[in-house]
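Next come two complexes, and both contain subunit A; in the first it sits with subunit B, in the second with subunit C.
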Partner chain A sequence: MNVAVAKTGKGRAVSDLFASAEGRLPGSPDVIAVRREAFESYERLGLPHRRIEEWKYTDLRALVGEVLPLAATPDAAALKRAADAVKAHAVDGASKLVLVDGVFAAELSDVKALAAEAGFKTLPEVLDKDAGLLKTTSTDAVIALNAALATDGVVLSIADGAQLSAPIQIIHIATAASASAFTRSQVAVGKGARVTIVETFVAAEAGAYQVNDAVIVSVGDNADVAHIRLMDDAPDAVNVTSQFVTIGANVKFNFFNMTTGAAVSRLQGFIMLAGEGSELSVNGVNLLKKTEHGDTTLVVDHAVPNCVSRETFRAVIDDRAHSVFQGRIIVRPDAQKTDGKMMTRALLLSDEAEADNKPELEIFADDVSCGHGATAGALDDSLLFYLKARGLPEKQAQALLIQAFVGEAIEQIADDTLREHVIGIAERWLERRS
Partner chain B sequence: MPAVQETVERVKRIDVDQYRYGFETLIDSEKAPKGLSEEIVKFISQKKNEPAWMLQWRLEAYRRWLTMTEPTWARVNYPKIDFQDIHYYAAPKPKKTVTSLDEIDPEILKTYEKLGIPLREVAMLEGIEPKVGEDDPARRKIAVDAVFDSVSVATTFKAELKKAGVIFMPISEAIREHPELVQKYLGSVVPTSDNFYATLNSAVFSDGSFVYVPPGVRCPMELSTYFRINERNTGQFERTLIIADKGSYVSYLEGCTAPQRDENQLHAAVVELVALDDAEIKYSTVQNWYPGNSEGKGGIYNFVTKRGDCRGANSKISWTQVETGSAITWKYPSCILRGDNSRGEFYSIAISNGFQQVDSGTKMIHLGKNTSSRIISKGIAAGKSQNTYRGLVTAHRKATGARNFTACDSLLIGDKCGAHTVPYIEAKNSSATFEHEATTSKISEDVLFYCIQRGLSQEEAVGLVVNGFVKDVLQQLPMEFAVEAQKLISISLEGSVG
Partner chain C sequence: MALLEVKDLKVRVEEREILHGLTLTVNEGEVHAIMGPNGSGKSTLSHVIAGKPGYEVTDGQILFRGEDLLEMDPDERAAKGVFLAFQYPVEIPGVATMNFLRTALNAQRKARGEGEYSTPDFLKKVREVSKSLNIPQDMLKRGVNVGFSGGEKKRNEVLQMALFEPSLCILDEMDSGLDIDALRIAADGVNALRSPGRAMIVITHYQRLLNYIVPDFVHVMSKGRVVKSGDKELALELEASGYAQFEDAA
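And then the complex of A and B:
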């Protein structure tokens, strides 16, 4: 769509932002050149708006309007608050990597252990040698902006055959108000390796901040990866995350996302099945209230034959919240014997809630089995009545039914501890509601 | 699962090189010079003897069109159209004023005969009732409006319809004879500013059908329009307006064909339906424009805006389409469910072969309370074609109790084609209940279970459920069209994908 981008006053503010941030951005002059190129392509596009098909339901110009200046490097007080947040949100037994306001906090992280186990490095360390991590083929404006402004991130290279029993938890903590954090991370999983990655986005007494994160994941043949993302940002935050996943042959990849916070959030995942015989499971839950806007956009690209993909998505929408699910399954001409299924369901708890679903199929091979289903509706009155007749108060009866509703997606998490951790977050959301 | 052999063969039988309507009628015609300008718009208006308000309406649309750009969001690719390289008006040269069938150019009559359109029944136009015993009970009466290039050449059964109070005539005549109705309803469903092609149509439309069914009248026969593009380098821009007044019922169908030519021709029609309280309109299309040859050369660009407005309470509009022709189809027959308890339906079978590109679907816009809609779409892609279903279901905040059921299946034959599904589902209140399915195995588990329990296989059960459902609708088509349609729906569902 050719829509002329009007240069607004806000657009100019971003230009200034890049100029002022340039000195702080890690990387050699080559890297800075890549960043400047990315920034120029962002400037051409501007913030995504509803006339851009992929952003039809999440008009960042209307919802967000402007990109806030980069957050300052966290001071001691901020790190202290962050340390408390880490304690509150850590997964039992996980090795931690903590980013505070877009800056890696070594003192809060298990650096030594992860350097040995998972080849951990920070983004600046890697960028010193190679600008490759900032390059993508995407034409998306927020991804370009991320490449231009990413200040930090974690880079993991998990060796072939490594079996990591403890999950690795990457915790993003916001402590600043009216500021933005740009991070970019990479996870390379070796052949036959086994690992669980948890990403957590939370705030430590911060408000109205913006997060723009990008994660690039590559999975070697025969690996087994669980990737869980928990977005529990402050109520007036903005979180836009882009994930690129490339999957080798005979891989088991299990992805789960849960959104329980942020005024405006979007997870856009681009997952490519590039090796035969792999199984992909992508699941998600949106729990939204007040005027929150939560968008999950997933593109699953079957580039090779004989892969299976399953997507289960649930949205619970209260008050005047707005949930968006856009799922696309692409089956390339050679990808015969593909088995792809996608199911998305939305539960509207209020008359002013809105659910938009766009489950797309794009199929170029003839011997495949693909399908999608989508439903939207209210809680079943007869079920509610049944529970109320047995003495449960309205809210509690609703909570029970909502739990069962989202349970279908949550139970796809194989690890017991993690599943309990996720259920705990969902329960807290339900308590806050009642 | 790949498509079964039987399906492959059936689709092959309607492949692009099997096009049976590709002949050309050699006939003198009168054409407007190529290109589009205010002069051309005035020329068309003058040819049609239109009142001043109509010309004004067209000119406004034309001026608006100049400011618009072509839509590019559909999944279709074609070279840029040169809108100045088209004749916007072409009409068979009239020998004299036509008052009866015998005076219509015999070449045109022959054309319609060859196409199998029942113009023989036109004899009855003159009030000659068939003798007892001559009447074939299987053959229902159909009133036909035959549109040849830019003009309507014949409308049958006018007298009999008039007796029932139904107005069925070319729209150009209606503009002169029933200006109050036309002025009230024309552009009220598809406004002149609606989209690029609808606006173009508003400026240059030459003919089409007009139907008005008065309150409480059940139209005594099927109404039908048969569109034929004959002339070279012309575009056909027809406009159809159907109004079903309170408590009335009408069933309308259209068919379309065109000669085989190497060039691409543009067909940009607008169809507007208005259903008032308790009225019902059933609109069926068998679209068989020339699809181009097996190398993808030639064929019709079918860029059509069709929309129905369930304006009154308890009204109902149902679209049925069988799409096999056209090089490119860009068409979304939609329903605006404005009246409380109104109902919209969309049944579609789209089959693409050769290099055809289809981007079709529907929009169900729920505005009134307790409105319901149903969408059943079957897309079959073969050869090197691309077949896209694109649909929108939306419930407004005040559309409490809105319900929708959507099922879209597609089937691919061969590995050079593509089938795509792009549904948009927007629920803006909690009492809206939407269900969208794109897997055959998911169509009502209860019904399937019932069938399977009685000894049918899963495949047979699915076939029975979906085919039975679609068949039910298609059987309502008159015989002439039903033959083609029946052949298409017998295509097995086996191996279909979502």
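And then the complex of A and C:
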């Protein structure tokens, strides 16, 4: 009974939202028809809740309740604040693409360079010709809602053989409080290309905002891709991000996510190894405090033989925070000689901290090597005492051990500048703690 | 004023009293050996002086240069100049030894209101000391004590002692797990640190270590008390006659 009531209530709110947003949503009448269909699909499902298996530990109905109205198109003052945030969060030497409250900000972005190097276009430019980017096979309600309401995004096509030395950093900045931003982006990496993509989510003096982002990545044969997401949102924000990756043959794909903010966050990644001989490395760190809820849900799908996947995930959970890791490895019947391993460890800094680990192996081939491991525990008292006996105050001793703990995931980032950038964010999180 | 005064110290672990009123005075420049059978409370004394959690002091005092040590957190004690060389130094994966040494030294200096060591000075000092202790440079890049042999771990303790320049060094069973060669290197390192301004408490089960680190005073502990004190000759007597006589005395 409650469900029906809740669904009607929330469905109505979004329905109003969709009607009011429709004038702002880019795309031809065909595209709008696809959006409407996606929206209707969302309306049938409502926000995910705990009785949907994939969302068991992250009940958005309970945690978020309602979807906020779309943020207004940023004005000059908002763009000024965003410009300051770009300065504060830019990776040294990166080419930047900036989205402010879900709207692409050309004046803050390196448009010319990236149009030449990476075939950059905005989502509206692409949707003028084709609604394909809004279509996915997923039945997930938040992804449907993203298709319905995505206002903007960046579309990159890296040419075959292109070797991009500078990282491309996509910076999402929230300047509007109590509003939502829906973005959808695409990165297509050509055969033999090499590129590093960084995505950063931050606030510029905004709180209680909601982000719903989707990224669709395809990687051509023999490409070498590093993809780093830094979800460093305001403490009372909501960020639900969905990522679809399809990987060709003989690819090296190195993915890293770090969550250091948001009241409620979820990164759901669906990664398919569709070409033989590829190496996938998926790594993540959650640094959570107060009552934050951070969910990393990964599906690694070995569709073909002879691929290697490694997942290393670390969660540091303080106060009454709650970290969720769901990792599924699927090995299809043809995917012989698959080597898939997953290791997740949670560090609980308080008695009330909570970690849920849910590893799942679905193996349909018989000649594979797959495994998973999960641990949860507190900081080791004997190590803490040793450090204190050498002069480190309690918080500093804890910080050193926490850095070492998350270091095992962070050190998977090969690039020195990026690794230092990520360590810097982790250090700031630790400083805020003490 | 004495450097360290332990007065009638009574200590419990959970419900069991381990130290039953221990008294010990150590002045600057002195080396005291504390000997005794297993379970006599030697390590408990070292842990309580360093501030390890899990011990309840029910009576007595520990004064360090007249200040109440028991009121201080372990890191404050370290900054004041108390150093415990652990019987079993822990391994800390992911914390590079060099980073640990610098962080610890600067934390102590900060607590004393001193400026941070400049990096070139620090590196020079680490290189000098590690060379004299036969510690290879690549060991300093590894995680603290990770993959170190027993001897290397003990030498790493002595390295820290040399870097932090404490005024009281407590060596808890430094000889345990070491062969003669490893023991000699570690003991040479300790002897090099003997100075008029620095005192040491050498805790050991065996007289052997005291051939290398020759004490000014020897105390025998049994059942949570000091039951006999003397000079270095006492250690030799013990070697001949054993601890059994004191078990009765206590």
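Here is the rule we go by: the second predicted complex is superposed on the first by the 427 of 434 C-alpha atoms of A that agree within 3 Å, B and C clash if a C-alpha of one lies under 4 Å from a C-alpha of the other, contacts with A are read in each partner's own complex, and residues count from 1 in each chain.
Operating definition for what follows: contacts are C-beta pairs under 8 Å (C-beta built on N, C-alpha and C of every residue); 3 or more make two chains touch, one makes a residue touch a chain.
Keep in mind that what you see is a predicted model, and the values were worked out from it rather than measured.
Counting residues of subunit A touched by each partner, subunit B versus subunit C, the larger count belongs to B.
In the superposed pair of complexes, A:425 makes contact with neither subunit B nor subunit C.
In the overlay built on the shared chain, the residue A:390 is in contact with subunit C alone; subunit B does not reach it.
Of the two partner chains placed by superposition, only subunit B is touched by A:333; subunit C is not. In the superposed pair of complexes, A:401 makes contact with subunit C only, with no contact to subunit B.
In the superposition on chain A, A:156 makes contact with neither subunit B nor subunit C. Judged by the touch definition given at the top, the superposed model places A:353 against subunit B, while subunit C stays out of reach. According to the touch criterion, subunit A has no shared surface contacted by subunit B in one complex and subunit C in the other.
Across the complex, subunit B meets subunit A through its residues 1-3, 69, 72-73, 397, 400, 410, 412-439, 441-442, 495, 497-498.
Contact residues of subunit A toward subunit C in the complex are 380-383, 385-394, 396-397, 400-401, 403-405, 407-408. Residue ranges of subunit C in contact with subunit A, taken from their complex: 50-53, 73-75, 77-79, 83-84, 86, 89-90, 92-95, 100, 103-105, 107-108, 111, 143, 160, 164.
The touching residues of subunit A, counted against subunit B in their complex, run 1-2, 53, 333, 336, 341, 346, 348-378.
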